[in-house]
Amino acid sequence: MSQPIENNSQYTQDEMMTVTAARQLADGAVCFVGIGLPSAACNLARELHAPNLVLIYESGTVGTKPRVLPLSIGDGELAETAEVVIPLPEIFTHYLQAGRVDIGFLGAAQIDRFGNLNSTAIGPYDNPKVRLPGAGGAPEIATHAKSVLVIMRMSPKSFVSELAFRTSSGFLGGNGERAARGYPGRGPQAVITDFGVLRPHPETDELVLTDIYPGVDAADAIAACGWPLQVADELQLLAPPTATELAQLRALNERTRVAHAMPVKIPLVPKSFNAV
Amino acid sequence: MATFVSLTSAIAELVRDGQTLALEGFTHLIPFAAGHEIIRQGRRDLHLVRMTPDLVYDQLIGMGCAGKLTFSWGGNPGVGSLHRLRDAVENAWPRPLALCEYSHAELAAAYSAGAAGLSSGLLQGFRDTDLYAANPDATREIACPFSGAPLTAVPAMRPDVTILHAQRADRDGNVLLRGITGAAREAALAALALLVTVEEQVDSLDADMNAIVLPSFLVDAIAIVPGGAYPSYTQGYYPRDNSFYQAWDSIARERESFLSWMNRHVIDSPDHSALLHKLGVAA
Amino acid sequence: MATFVSLTSAIAELVRDGQTLALEGFTHLIPFAAGHEIIRQGRRDLHLVRMTPDLVYDQLIGMGCAGKLTFSWGGNPGVGSLHRLRDAVENAWPRPLALCEYSHAELAAAYSAGAAGLSSGLLQGFRDTDLYAANPDATREIACPFSGAPLTAVPAMRPDVTILHAQRADRDGNVLLRGITGAAREAALAALALLVTVEEQVDSLDADMNAIVLPSFLVDAIAIVPGGAYPSYTQGYYPRDNSFYQAWDSIARERESFLSWMNRHVIDSPDHSALLHKLGVAA
Amino acid sequence: MSQPIENNSQYTQDEMMTVTAARQLADGAVCFVGIGLPSAACNLARELHAPNLVLIYESGTVGTKPRVLPLSIGDGELAETAEVVIPLPEIFTHYLQAGRVDIGFLGAAQIDRFGNLNSTAIGPYDNPKVRLPGAGGAPEIATHAKSVLVIMRMSPKSFVSELAFRTSSGFLGGNGERAARGYPGRGPQAVITDFGVLRPHPETDELVLTDIYPGVDAADAIAACGWPLQVADELQLLAPPTATELAQLRALNERTRVAHAMPVKIPLVPKSFNAV
């Protein structure tokens, strides 16, 4: 029976994962951000140790500094606080393909031991048991971002020995295949789970449990993984969220909750744009 | 030059059964009102194209308007699945839906090629994923004629009709888009015909010289539809109604609740204003 | 992140003999001050790239800084020939100048490919003109992998250094370009290093969200050089000095008058401000 | 000895050519405009019979309505009066290559009987006698504009039996070769000279003198042409500029002269952008 970190009086699983992700982000890094936990992690890091983090959302906002977290990838808040808003095709050409993204965040329904990801379908593609949303920006983030951070809860259904469908490339078959193929980016450098962090083995590229949260046993992580999870010789015990980290994250989430609770009213006789 | 018409007559004149249709927008400026009018007018066998099919495509698909979907990410952003899209793909309800599936970068490149009058667009990259085999006609691998490196070519996407929502049009029919545009501009430039719904008509756009303006001569028809992007949003006019996106999850989960909602709110509403009043969001 | 430096040290640090260098701008925002500083510092064997080499390239070529020119139109706009460019091509004075010649559309596509991280760019078209045979390495014909139609491929243009002039930078080093940009934005995005001269530094760019902004992390160095585009212009700051462009025709027609002018105004001026004072245009 | 229309008390050669070009432009047409006479013709037409003419200058201005004529292709006046100013690459992709330009204007140093143009070099390319400015936008305008209008003064040195260099395609070798090759645009539909107008023969594509200015004899045009110029069976006599055309054109030129006579002063301590 898998047993991830539990919610307790000090902090929640989500908070531990978010703080762990935030700690990976060096100041000044250019991040290609997704909605949800990655967005929380990036903005937490920006408010703490990385004020010059550059956040790019695929909707077209570059250098955005949202005061509250977006609920969609294209919230107005992202546009209003951006250095510049550009057409989406240019995000993928001028920024991602051109090699200007340091860190790309990805999640998926399934991951395999080499960090390849499935966000397309469970079951046969032409007759799926579960049709997932699809690729989105993932294949090119996985290819071009200098490093990829994956954030996923671990279970035998999601951390699988064989993907139903490969949507995005990690280390392919491992053992240096990705590097040999000449990929511009280095692939997934950390997989942040609800048990701890997995990182690729420097030679085999296989994801190995290298860091573990307080109160979690490696055996629990192994039980939650669909492949025989290797554990690093020197397993690092991660520090719990600091009081500062928690306070900042909770304030961010509370600002977000208040902002998004405002009811929407549509003016059918619009005020002029300029007056808004 | 763009002509100002009612949304009803714009859809009646421009949109035909069997056409390739792109209602673009990226969370922002999604042309919901136009999608609803297509449903009211009962179009069939449409090939729907969009990077991020969301609720309005779920509605079009669930109401049986579409025979094919070309897309790169189909979900309810921040909420979960599109249940009508899934029901069509998983169970062919209410009818089978053929898929042509790309990544964002690929579909953006296909629109960009269409916008540029190019027959194909290029991406740098590697074809180690399963999307290529699953969609064998959607891309080709070619070698860069200079470096020899493998490139992915995508055929230009040129919708018969692209439909956008935008902030406003001036009296000459020039249209201003402001804020997040996704691939809306490229889809507009790639289209054979272009319909835009706007929040309002103004004497002058009063836009910066480098703003995102679609000159009147690119636009076939403009319909003034205040709130036309609801429950999506229009920067500078009204915000996104996140609660509607959340509510949609349970409305659309079952066929019966979906049909009942659609009949009451879309089919039985003469226009978008009536729908906004029924939903209690008209100010 | 961009650092603010003097133009003298920016050129000293970023520009090396033998590099591929693009000083872009299209009538508007031409980085004259930066070009003059390159002349003062005596760079040699430069491969100069620009769609429309005009007076500042005439000056760089006439002063012997360039060994190669990649371009698509080389003239004094609205006036006539660039005499120093012609002298270099026709008589190898002061040294031979190799040419790589494109059309505007082709060189724009080459910059765009460079900006997009693509190894090559595509154009639809026909290769019935003599420019292809005259520049055999500059393009390749390929067949569209979908339609079979002939396409022209151009290799990505990626300058070692691109130098632009822009209206202003904020304290974080974000740069605003406003008005006519030509291929300046693409040349900036395609470059391995980017230097921008600006009219002024401001607390906030105060630009529209869809303005043309180069985020600080794309910019290597910014030098504040008021009037840095003169005799070209900076939209919102000062107009183009058409009379200087006309006067240049006779200044540059003969080698002696050219060298004499350059020595007095560029070589013997410590900086751009001194030049503007000598020319009597400093306000 | 060639004898084009002479300057006289009523109007000049330039005025007759400009008015003739302006008359070719139907209201609502999308024009890809060059500097000089084409720019004057387009703006004259816009002020007279074609108020909805859409002017695109390759520098990036779309739907521009200059109050005075630009001296360069990128004058600030063009940006300030445009519907929108876009990066130059998009002018060539989104507008020209996408087939949205109805009329493209071209000039050149040399033209041949099939409307092919040389703006590159006189003499061998690698060792030219005269190095000309080069292609610029011409090859793609010649290919993609639905129609091309050429404006050139006629002389045996410019209207030649063989080009020194083909920069832009007209009808190639004639006799339908351009159409057979599948060019999207129809090629040069009128060549406006200082003697009159040449148009392509519907079968051979050869440029034929079809319209002549008042006071010019066809024999003068024939003498000024470097190939044996054919004259249409029904040579049209063009009307001289009307009083309205002349008054409007001269007012436009006078406004232009005044505007461009302003001396330039550079503020070395710049006012803030917003205050300008």
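Here the chain labels run A, B, C and D in written order, and each chain numbers its own residues starting at 1.
Following the convention adopted for this analysis, a contact is a pair of C-beta atoms (placed from the backbone, for glycine too) under 8 Å apart; a residue touches a chain by one contact, two chains touch by 3 or more.
All values reported here derive from a predicted model rather than from experimental measurement.
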Centre-of-Cα separation between subunit D and subunit B, whole angstrom: 40
Separation of mean Cα positions, subunit B and subunit A [Å, integer]: 27
Centroid spacing, where centroids are CA-atom means, of subunit A and subunit D in whole angstrom: 56
Sites on subunit A at which at least two other chains make contact: 79-80, 85, 93, 97, 144
Per-residue multi-chain contacts in subunit C, two or more chains: 117-118, 123-124, 178-179, 181, 207, 209-212
Contact graph of the chains (line, ring, star, complete, other): other
Complete list of chain pairs which touch one another: A-B, A-C, B-C, B-D, C-D
Of subunit A, residues touching subunit C in the complex: 28, 30, 52, 54, 62-63, 79-80, 82-86, 93-94, 97-100, 144
Subunit C to subunit A touching residues, read off their complex: 1, 115-118, 174, 189, 207, 209-213, 215-218
Interfacial residue positions of subunit B with respect to subunit C in the complex: 117-124, 140, 142, 144-147, 149, 151, 153, 155, 178-179, 181, 207-212
Complex interface listing, subunit B residues touching subunit A: 26-28, 51-52, 71-75, 77-78, 81-82, 85-86, 89-90, 101-105, 108-109, 111-112, 123-126, 128-131, 134, 167-168, 178-183, 185-186, 199-200, 202, 206, 212, 226-227, 230-231, 233, 235-245, 273, 276, 281-283
Residues of subunit D that touch subunit C when the two form their complex: 35-36, 58-61, 71-76, 78-79, 85, 87-89, 92-93, 96-97, 120, 125-126, 128-131, 133-140, 143-144, 165-169, 172, 181-183, 260, 262-274, 276
